[in-house]
Amino acid sequence: MSLLGLSGPKLTLKHLSTILLMIISFFPPPSLSSVSRGVTGHPPDMDEGNDDNIYMDGDDDFGAETAKITSPGESITSARAFMRGHGTYVDSDEVIASVAGVIERVNKLITVRALRTRYSPEVGDLVIGRITEVQPRRWKVDANARQDAVLMLSSVNLPGGVQRRKLESDELQMRNFFQEGDLLVAEVQAFFADGAMSLHTRSLKYGKLRNGQLVSVPPILIRRLKSHFCSLPSGVDLILGLNGYIWISKHVRNNEKEGHEGFDAEAVYSNQNDDIDDATRTAIARVSNIIRVLASRSVPITDSIALEAYEWTVEQDVDVKDLLLEDVADALVAAVTKEPSEQW
Amino acid sequence: MSVVLPGELIQSQHKNLKLGPGLQQSGDLQGRASIVVTRAGTLEQNTKGNKFWVEGNSRRYVPAVQEPVVGIICARQGEGWRVDIGSAHQASLDGLAFEGASRRNRPNLKVNSLVYARVSLAHKDMEPELECFDAQTRKAEGFGELKGGFLVRCSLKMSRNLIDPNYFLLPLLGSRFPLDAAVGMNGRVWVSAKEVKQTIAATRCIEAADPDGGGMDQTAIKKFIGTLDL
Amino acid sequence: MRPPSPSIPEKDFFFAALDQDVRLDGRGFLEPRSLDLSFGAELGHVECSLGKTRVLAHVDAKMVRPEPQRPFEGLISIHCELSPMAGAEYEPGRSSEEETALARHLDKIFRRSDAIDREALCVLTGERVWHLRLSVHVLSAASSSSSSDAAAAAGGGGGLLDCASLACAAALRHFRRPEVEVHGTGEVTVYAPEARAPVPLALHHTPFCVSFAGRSSLKVRMLLDPAGLELRLAHGVLVLALTAQRELAVVHKAGGLPLAPETLIGAVEIAARRARELETWLDVHVRDDWARKNVEVR
Amino acid sequence: MRHTPSICGFAFAEWLVISLLYTDSVLTDEPAQSLRIEILNEGGFRSDGRRQYELREIAFDSSPQAGADGSARISHGLTEVLVSVFGPREARVRAQTLHDRAAIHVEVNIAPFSTGDRRRRGRGDKRVQELAAMIKATFEPVVQTGLYPRSQIDIFVHVLQQDGGVLPAAINATTVALINAGVPLADYVCAITGGVHAAAPMLDLTALEESDLPHVTVASMPRSGRLTLVSMETRLHVDRFEEILRLAGEAGTVIHTEMHAVVRQRTKGLLDGISTGLRASKPAEDAMVEDE
């Protein structure tokens, strides 16, 4: 009892030193009751990071120079003059953001794009996925979306030619084509009524992936490009899935591509990697690390930026594993994100 | 009208006797056919004396062929739907069992919508089947989806009363305000009037007149309607 | 087996009716259903019904050794049973979500709020205390089916928790424990009811549980004592337990329709009025039964 | 800082020991508690030197937990909670999917070392279950689940340190984690506890205060000022309750400012990366996030 009694005041005193850090404080009741909601008496230094006015009442703010950031519950504009799009909802005649991100406007349509979110598919998108389940006449594919995608047996090319008919025997040996855990590149074909996407691999560009490794980045960092298949000079191929999955693999020589004599039709569903020499392996690891670094700094990943970064690392003679060190990473990002004007 | 209990034997001399619910024919030890009561209730017969049945107060609906029922769509199932009709098992309703339905043009019923249907198959070993038309004429005859209105749950006895055209309640309500009603034999009655208050009044009258609930008779109901805000 | 969810016409009609300020059973928004209380032969045996919901509560006391860390306090345990007899949706053997929620709430209302003076249950410090057992059996709670926990808490055919807490309050009020005498030697004599009049429990206060269903169609409406369908279609359920002296014992509003503080405070005021009514109502009933049983009122 | 034990660190360590003693006594629930330490002294200070309405320091860390779609760690005074959000994603158990909206699934894990009594609480523990049920119920009306039929959103809550206000800390961290995961919300949810000591309302109670005072947990949505969670299980007069409710609502707006600043900072950081990257890689012909 006496011991605790002693430590009581001491506690208070010592604690004061830690409480100096407290940033939120309330004033006693009299002042509280006099101030209205929203401007409750917290000290002025509270407002750091909140300096610019986040609420835009007017509709003329959209032409501003910088992108407008918003977060859930914030009113964006009047619902009478504008239409709500993704990332917003309407409440009492106002368009209100439901995600944290950037406000975008296309004519009368207001959307808020979240900077970190699951992939939301569109027809024609190129995606990389992983088989999660084999079901009757279909595979379930994880493609980083809100539901697993579906790959119908009728939407794949089977060995033996494009025109081959699917037989009952194919249904029984679906695992010979894709089994759980297999990676594949495909295109979004359509949507089901519940919003799940349906994929197809009916092109020789698509199909099972091998000879490389997968890196996963936030989907927003992958932009729609002319081609999502690119080759880097060091014998590395890159497939940028719009769902944020990136496949980095050994280069397929042109004469081995489909339609050429070197094309091995039997290898389409093979689970066996080809021989990959050490130099290629190093190059693959290097590209993977570059992509990890770029993604960690939220830099959008394109073929050109990957190439530039690759050249920089070779030029600077950076060891592959050192790429992940903070200072090297910073230097790399600084080098590749220099303003174009400074570069030339 | 007499009260009978399970196990009692019924005497009837009629040659061509038809037995309704609550009665069973069985042979006794001497091999003579006799009729045994299987359910407690009152023994009823038609005027000709060739049909016997027991009016009970049981609450569980047992589907019987040709009975109209009110069901709630529970799920889609292939070409049709699974429907809850309050019986031990869910019934199935084929997508083509509607007036004017064809492979191309099938009615679109959502989960949780109400249907007024007729039991087309009721077999103890199979799940009941429903249809929303007359199989011969292929006409709807009042069956189909019930839109708007409200669903009243009452006792099976009340359902049977309401479906009897001589019963006072629905004509009485109809004399006060226009009213649509679909009476299911499964203790569910769908009512719809123009005004919300009228529908609620109909609901409350059905509950009040239910022998298993309020148990009011005609005069009491008349008085009760007077107290309601219409 | 869970009953199927309410049909679309039922739901739409319920909305339409609320927009016209009508409830499905013709009640006013703040009008509770009829209550009834019946007492068994024993003291502390009560059956309470609210609409079609019926709950039986029974209190008994037994002398036990106290827990070593609380030698001055009696023990209280609350046991709930929500068996399939209460409704087809409850499975036998397994305790349902509703049962757990009911037990949890009753525990909060009567035990954690210190409604019962535990020290008054002590007979001989560290040696003998009363162990009060409150058993709650739900006899009928038909046609509930609620996916959300909050609705489950308010329970059953509507007002399960309200009804159960009222049954418990009545049972605790009605109950009398045998008179005891402690002799200097540490010997305890328990007197038969015939020898010495049994004593009522020392209750600090009696909390009454009042539930509301929140529904926003055009505007937010609070319905007192929601019945089955209202509860199943409610956007949110608010459970309050408070005494006639305006002391809150439990506020439980988890999820569902977000409420403005004013709405909540409004509901609390209504509940406080209701608690006062219930207090008088309960008092009258318990006294009536004592008079009937010739129990000496002290 | 790391080499020399600072005064702060020292005080902290000793404080921990003391709080440990208290939590021990909390366990046994001795009523003599208030005799030992003054909850609110004559000078208007609380046992840890705060004033009645003063909140403890709140800090969020949004640094992503590898693999999660969004995560946040909150340290609120000495209470520390880590929340990871996965999804919306394919439901792991198909039977749990809802045909018209996403199912929210909350799992709470209380580390045994988070309190002095070092009790291992399994998943079946009543308190753990109740905490999970409350968090789930709080967010169900706020998350726009209708956008994701048949999907599942998993919220994993890890309580690392407890010093009062575990539920509000978990709710606040969940809000930030959900926003970080890009899950659409109607609004922020800001939670705080309030209590009353001898008719004097206080905000943000420590474990010591919680064990002694009637207290209320309130979660509010700052835009509308509406409450999604109000939970109280100790005796309190109606008038006091109203007062606490009002205060907690105001404290909610303060916490909102704090959370908002954190979210905004993170969004800005991510956006900066994207826009510099874009500027570098190409002329802004297909600029997505920049204005034309």
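Letters are used for the chains, namely A, B, C and D, taken in the order the chains are written, and counting of residues starts over at 1 for each.
Please note the rule applied: a residue touches a chain if its C-beta (ideal position, glycine included) is under 8 Å from a C-beta of that chain, and two chains touch if they have at least 3 such contacts.
Just so it is clear, the model here is predicted, and its values are computed rather than measured.
Averaging C-alpha coordinates per chain and comparing to chain D, the farthest chain turns out to be B. Contact tally for A-D versus B-C: the pair with more C-beta pairs in contact is A-D.
A summary of chain positions shows that the Cα centroid lying nearest the centre of all protein Cα atoms is that of chain D.
The centroid of the Cα atoms in chain A and the matching centroid in chain D are 27 Å apart.
Here the spacing of chain B and chain D, counted between their Cα centres, is 55 Å.
Per-chain CA centroids place chain A at a distance of 52 Å from chain C. Here the spacing of chain B and chain C, counted between their Cα centres, is 38 Å.
Multi-chain contact residues, meaning those touching two or more other chains, occur in chain D at positions 99, 221, 225, 249.
Taken as a contact graph, the chains are arranged in an open line, each linked only to its neighbours along the path.
Across the whole structure, chains are in contact as follows: A-D, B-C, C-D.
Per the touch definition, chain C reaches chain D in the complex via residues 69-70, 104, 108, 112-114, 148-150, 205, 235-236, 242, 246-261, 264-265, 268-269, 272. Residues of chain D touching chain C in their complex: 28-29, 126, 130, 133-134, 136-142, 216, 221, 224-239, 241-242, 245-246, 249. Every residue of chain C that touches chain B in the complex is listed here, in rising order: 4-13, 16-17, 20, 22, 24-26. On the chain A side of its complex with chain D, the touching residues are 1, 4-5, 7-8, 11-19, 21-29, 32, 37-38, 40, 42, 46-50, 54, 62-67, 69, 71-75, 87, 89, 91, 96, 98-102, 104, 113-118, 132, 140, 142, 146-148, 194-196, 220-221, 223-224, 294, 297-300, 302, 304-305, 336-340, 343. Interface of chain D with chain A (complex): residues 7-8, 11-12, 14-15, 18, 21, 36-38, 44-45, 47-58, 64, 69-70, 87-90, 99, 102, 144, 148-151, 179-188, 203, 221-223, 225, 247, 249-251, 253-255, 257-258, 260-283, 286, 288-291.
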